[in-house]
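Here subunit A shows up in two complexes: once beside subunit B, once beside subunit C.
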Partner chain A sequence: MSEISATDARPTLAVWKFASCDGCQLSLLDCEDELLALAGAVRIAHFTEMSRTSTDGPYDISLVEGSITTPDDAERIQQVRRDSRHLVTIGACATAGGIQGLRNFAAEGAYAGTVYAHPEYLKTLETSTPISDHVAVDYELHGCPIDRRQLLEVLLAFLAGRRPAVAGHSVCQECKGRSNVCVMVANATPCLGPVTRAGCGGLCPSVGRGCFGCFGPSQSANTISLADQLSRNGATGELVSRLFRTFNANAPVFRAESERQSARGDA
Partner chain B sequence: MTHGSKSDRTIGIEGISRVEGEGSLRVVIHDDIVTDVALEIFEPPRYFEALLVGRHFSEAPDITARICGICPVAYQMSACAAMEDVCGVTVSERVRALRRLLYCGEWIQSHALHVYLLHAPDFLSCADAIELAQRDRRAVERGLEIKRTGNLIMETVGGRAVHPVNVRVGGFYRAPDRGAIAALAEPLRRARDGALATVSWVHGFEFPDVVGEYRFVALHEPERYAIEAGRPSSSEGLDYTVAQFADLVVEEHVARSTALHARLGGADHYLTGPLARYAMNNAQLAPLAAEAARAAGLGDVCSNPFKSIVVRAVELVAACDEALALVEAYEPPEPSADLVEPRAGIGTGATEAPRGLLFHQYEIDDAGIIRSARIVPPTSQNQLTIEDDLRRVVQGGLDLSDHDLQWRCEQSVRNHDPCISCAAHFLDVSVVRT
Partner chain C sequence: MSLHDRSGLGPNLDVEDLVVIRPDQLNDLIARLGDLGYETKGPTIGDGAIVPGAVRGTSDLPVGARDAQSPGRYRLEYSDDGHLFEWAVGARSWKAEFFAPRERQWRAVIVDGTLRFTEPTKSARPLAIIGARPCEVAAISVLDEVLMNGACPDTGYDARREGLFVVVAECTAPGGTCFCASMGSGPSAGPGFDLALLELDDADGHRFVVRVGTARGAEVMAGVSSTSATDADVAARAQALDRSINRMHRHLQTEGLAALLARSMESPRWDQIAERCLSCGNCTLVCPTCFCSDFRDTTDVSGAVERTRTWSSCFDLDHSYLHGGPVRASTSSRYRQWMSHKLSTWWDQFDTSGCVGCGRCITWCPVGIDITEEAAAIRGDDEAARAVHVEEEAR
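What follows is the complex of A and B.
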């Protein structure tokens, strides 16, 4: 950690982890070209994955990765909120509950008993929920994983006191920008692109596969229209439901569509 | 935090830093004898083995990648291997070579991260790599450049560095074109030079004089340094098929950990990872890496866990060197993936994640729906051995001040690059006080 002195006027940055894979905080360390400059512009005051020293809050910006899945974490996030001037959630776990949010669709107790011999040792909640279900969040950066360029933009924006310039439209615009042939039009490949937020750059159609929704719902996503088209292309309700139930399964728009599809009964 | 008299001490570290995930450590010393060591994992469980049930077998690589953002390729490769095993498919040599290139990218990225940002600061009494950069900026920049090259391979072959999108059961969605792969050669040459400099750099560190007693387990292949395939083999001369090995590993759920503890045959703990791979497979290292190992004085077996950083640096040379050879020999696989039709049965797949052996086992039905899943990550296999190491390190370090002993304990954990996020997805964590 950088030297701390009473005259250190740099803003402070803290990074917190809840239930997650570490991939989004790794995106910060993946800013290889900018990492040392960033560490000069801000004082990294708490970042367990990176440093063995930690200083107490308050912090100017907290980045929060992961979802809330235990009673302890539901308490801990309250303290993080109290200690943070700005709280920014990063990634699908923190913004939508993540892949572990699939437990929200399962029967009570079904999951722990599958994995653990002694579920009674565990102190966990039956749900995995986004940070915004528990505390006020100043900004949500989506993605599974987040895009590191967007992360830098968000950090720079907060340091400059402006809103981040991160698009909320669908990934189709990025995909068209890459001159990809539409995989759904050309090959009837199931693709969530029309309802998925931009940010990855249209990676999946670039390798010939359909989008699987890493960045969650775009603004004004019309999932009903997309699901109808997928059905006309031959997808069963079960398949469409599975498509909406991955890393952002608990984002309200995706959740509603997957439940509608599960109820179709043609699986 | 450390307290107690000199002869009766408890060392507790709440929140071990510079590891992936959340764990803590408790050591109890009574009358100068270490009476209890517990690596406690309190990472919340995410129940991957439960949430995979009912999913289509083709989804396993993308879903299990989300177990770990540091080694997603390891999860994708082990999942693919298991699904291809159950469906009776052997992928083409070209697919295999491209997988190995992708996997080298992950090794380079992960090892550079661990050596430079997580582990080296311990040897130079720095809290982190930022402080290290204030003293030796060139070293940290070298590490970041190597790391960037690993990420570049993952982006070129896999589409992105964290959770690649191009991997599928049977191969790849699209084979990268020759030009894109050829463009990796120049950065890889620089990274290879950087990796050689890394070996020299870490070789010069001071190492505590500790000799571990290890039962090493690593995948082994006669023809190459095993990464994406091989037979699980042990330093006691045992040699198994992947399925036999999976049957032999018994995982135990203990109260203090959301990670399950693995034992061979329910009895013996063992170590996977760089020290094990080097001990089992150093004869398979290509000349450049073998020479770097010799120059660093490694011998045939390295049993000082603190020197794992040297072994990791040697593996960094091996991965850069091999990636370069794969780039130069690249022929796009055609087709980019073999067709894999689901077939009811049980399949097992094992590969070498940067931090150790990772195996998956699935049962699927004729429609390709997953009926059961078992995922055993390196950290749950290593956890008992890490505790054993700590006992030895503390017993040999009783003269150290509390501050220094605590730091050395943390360093001992970091020696094995544990990925607690991985471990807790099967492992669970809770704390028992005795």
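What follows is the complex of A and C.
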């Protein structure tokens, strides 16, 4: 660990990893065109995907990726919070529990027993939970993975002291802004766009696929009505339940809908 | 040369004249518009629906297409009869041509301590739309009042709108969700077009009756050979339009509707709609007259500032965000805002209806919520409530 120079007035940035795939933090390195300018505006104090050099906190802004799945991580996040003036969670794992949140729906140890030869060596929690279940979070950036333009926008807004221009509305708004023909209306393709937060730019419907719900529930998601329509279009409760159980399975609104659909019992 | 042959006699055409052209001559008309410097666009087939696209000849149009539309459902089928306009409205309106989903307003940089603003350059090439529907032409006039002639003109709108040449295709095959006859915006074309086509295919063959709408339209037709419309053509055209009205099964009772909605703000129906409404905003985005937008200022790493306008929707929670939270926090209040603006307060604001009856909001609502059905239900509740009131008064 090295010391921050007393003359460097740039705000410090730290990037932390919990249970995750690293895809979201790599979005920062994906900001190729802006990365050098950004690195001039902030001092990157801790970011192991970029540099082994690490400086001690406190940090002005921490980006936190990943969910809490182990007792150790439940401790570690407390320290990250203490060391951070602003804490921003990035990605579906950190904001909702991630794909590993599927364990929350299964019997204890069911997945570990399938994946590992000796699950008894693991020291994990029964659940995968978002960072906000453990510490106060200042801002949540959704997506699996997050959109790098949105990440950049959050950092630029932080630097300028303004509100990030990040939408909370449905994917449909981006989808229509992109001039797509709705796959649900024109083809009865199950699409989670109407209940999913925008951010991807309507990527999947642009190639004829239904939205997978990567950005989690939109601000006013009416999953009950959408699920009813998917059923009218022929989907079973089992299928609708699976649609809601992906990267954001543990987000409360999606979770409730998948449980409601599983209970329909018409697989 | 037959008695009715008008080839070369174009300059003699007047507004309201009716002439007849064949498919080949429609092709010539499109080519002529291109030669005159217009960017020619029209309905095309894309992603299983009829959508605006580049049209350089009749083969780019939706040849043989038929649409089946119902609440929340749209399908295309094809016939080999070569008809070009036997479908109703497409998936997207022409709104995006004048009012892009996303448009930079300006960019500012600091040079030597002063702010320097730059605005995007505006497209100079005029647009010709071949095959817009009557309701779509009506919608363009509605938008004009808001975005061009209103209190807050849009910076990009008039540049694209100016010089627009409209060839409207009057409707002979209304869709399952159309109700333009109730709104007075179709199936025959009202004002706002340069040339109006009505497609016929009977014993006299596949042809288009062309009605001249403007002097500019007459000038363009001057370069295309045509024949005068015969009495039979005129009668067939009128019959086709009558048939079209009779085939339109969806209606909106507009009588007293603005006042009815204004006094129905507490109707229990709004909450019932909200149980189904996804608040997704699709209805507003496909609507040819919805104009709500969002203006955002962003900064970049170099310190430059940009203002961008994007389409927004009254269904977006952030759209009514004021200090402390959104004014319309519930879905019922947002649906109520949308519908009462379209059918009631638009009159107060712009002295027209905000709805032209194109039916897009019905077809393209993922859960098939139907504005005509909801208006009828609110009217029913209102009538029932008034009947009770009259009864109570009498007692």
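Definition applied: the second predicted complex is superposed on the first by the 263 of 267 C-alpha atoms of A that agree within 3 Å, B and C clash if a C-alpha of one lies under 4 Å from a C-alpha of the other, contacts with A are read in each partner's own complex, and residues count from 1 in each chain.
By our rule, a contact is a pair of C-beta atoms (placed from the backbone, for glycine too) under 8 Å apart; a residue touches a chain by one contact, two chains touch by 3 or more.
A quick note: this is a predicted structure, and the numbers were derived from the prediction, not measured.
Overlay on subunit A: subunit B and subunit C fit together in the combined arrangement.
Legend: residue contacts after superposition of the two complexes on their common chain; A:A37 is shown touching subunit C, with no touch to subunit B.
By the touch criterion stated above, A:G168 is placed in contact with subunit C alone, subunit B being left untouched.
When the shared chain is aligned, subunit B and subunit C each come close enough to touch A:G208.
By the touch criterion defined above, A:G216 reaches neither subunit B nor subunit C. By the touch criterion stated above, A:G237 is placed in contact with neither subunit B nor subunit C.
Once chain A of one complex is fitted onto chain A of the other, the partner contacts of A:P190 are absent, as it touches neither subunit B nor subunit C.
Contacts of A:L102 after superposition: subunit B is touched, whereas subunit C is not reached.
Contact with subunit B, but none with subunit C, is seen for A:S51 once the two complexes are overlaid on the shared chain. For the superposed model, the angle subtended at the Cα centre of subunit A by subunit B and subunit C works out to 110 degrees in steps of 10. Judged by the touch definition given at the top, the superposed model places A:C144 against subunit B, while subunit C stays out of reach. Closest C-alpha contact of subunit B with subunit C, superposed model: 11 Å. On subunit A, the surface touched by subunit B in one complex and the surface touched by subunit C in the other have residues 208 in common.
Chain contact summary for the complex, subunit A toward subunit C: residues 34, 37-38, 41, 153, 156-157, 159-160, 162, 165, 167-170, 172-173, 176-182, 184-188, 191, 193-195, 208, 218-222, 224-226, 228-229.
Put simply, subunit C touches subunit A in their complex at residues 46-49, 51, 72-75, 91-92, 96, 101-102, 275-282, 285-286, 296-302, 310-313, 315-318, 331, 363-364, 366-368.
Those residues of subunit B whose C-beta lies close enough to touch subunit A in the complex are 15, 17-22, 43-51, 53, 55-56, 59, 62-63, 66-70, 72, 113, 117-118, 121, 127-131, 133-134, 137, 140-141, 144-145, 147-148, 151, 159-163, 165-166, 168, 172-174, 252-255, 258, 260, 407, 410, 419, 421, 426, 428, 430. Against subunit B, in their complex, subunit A makes its touches with residues 1-2, 17-27, 29-30, 32-33, 35-36, 39, 44, 48-54, 69-70, 73, 98-100, 102-103, 106, 110-112, 114-118, 121-124, 128, 144-145, 200, 203-204, 206-209, 212, 214, 242, 246-247.
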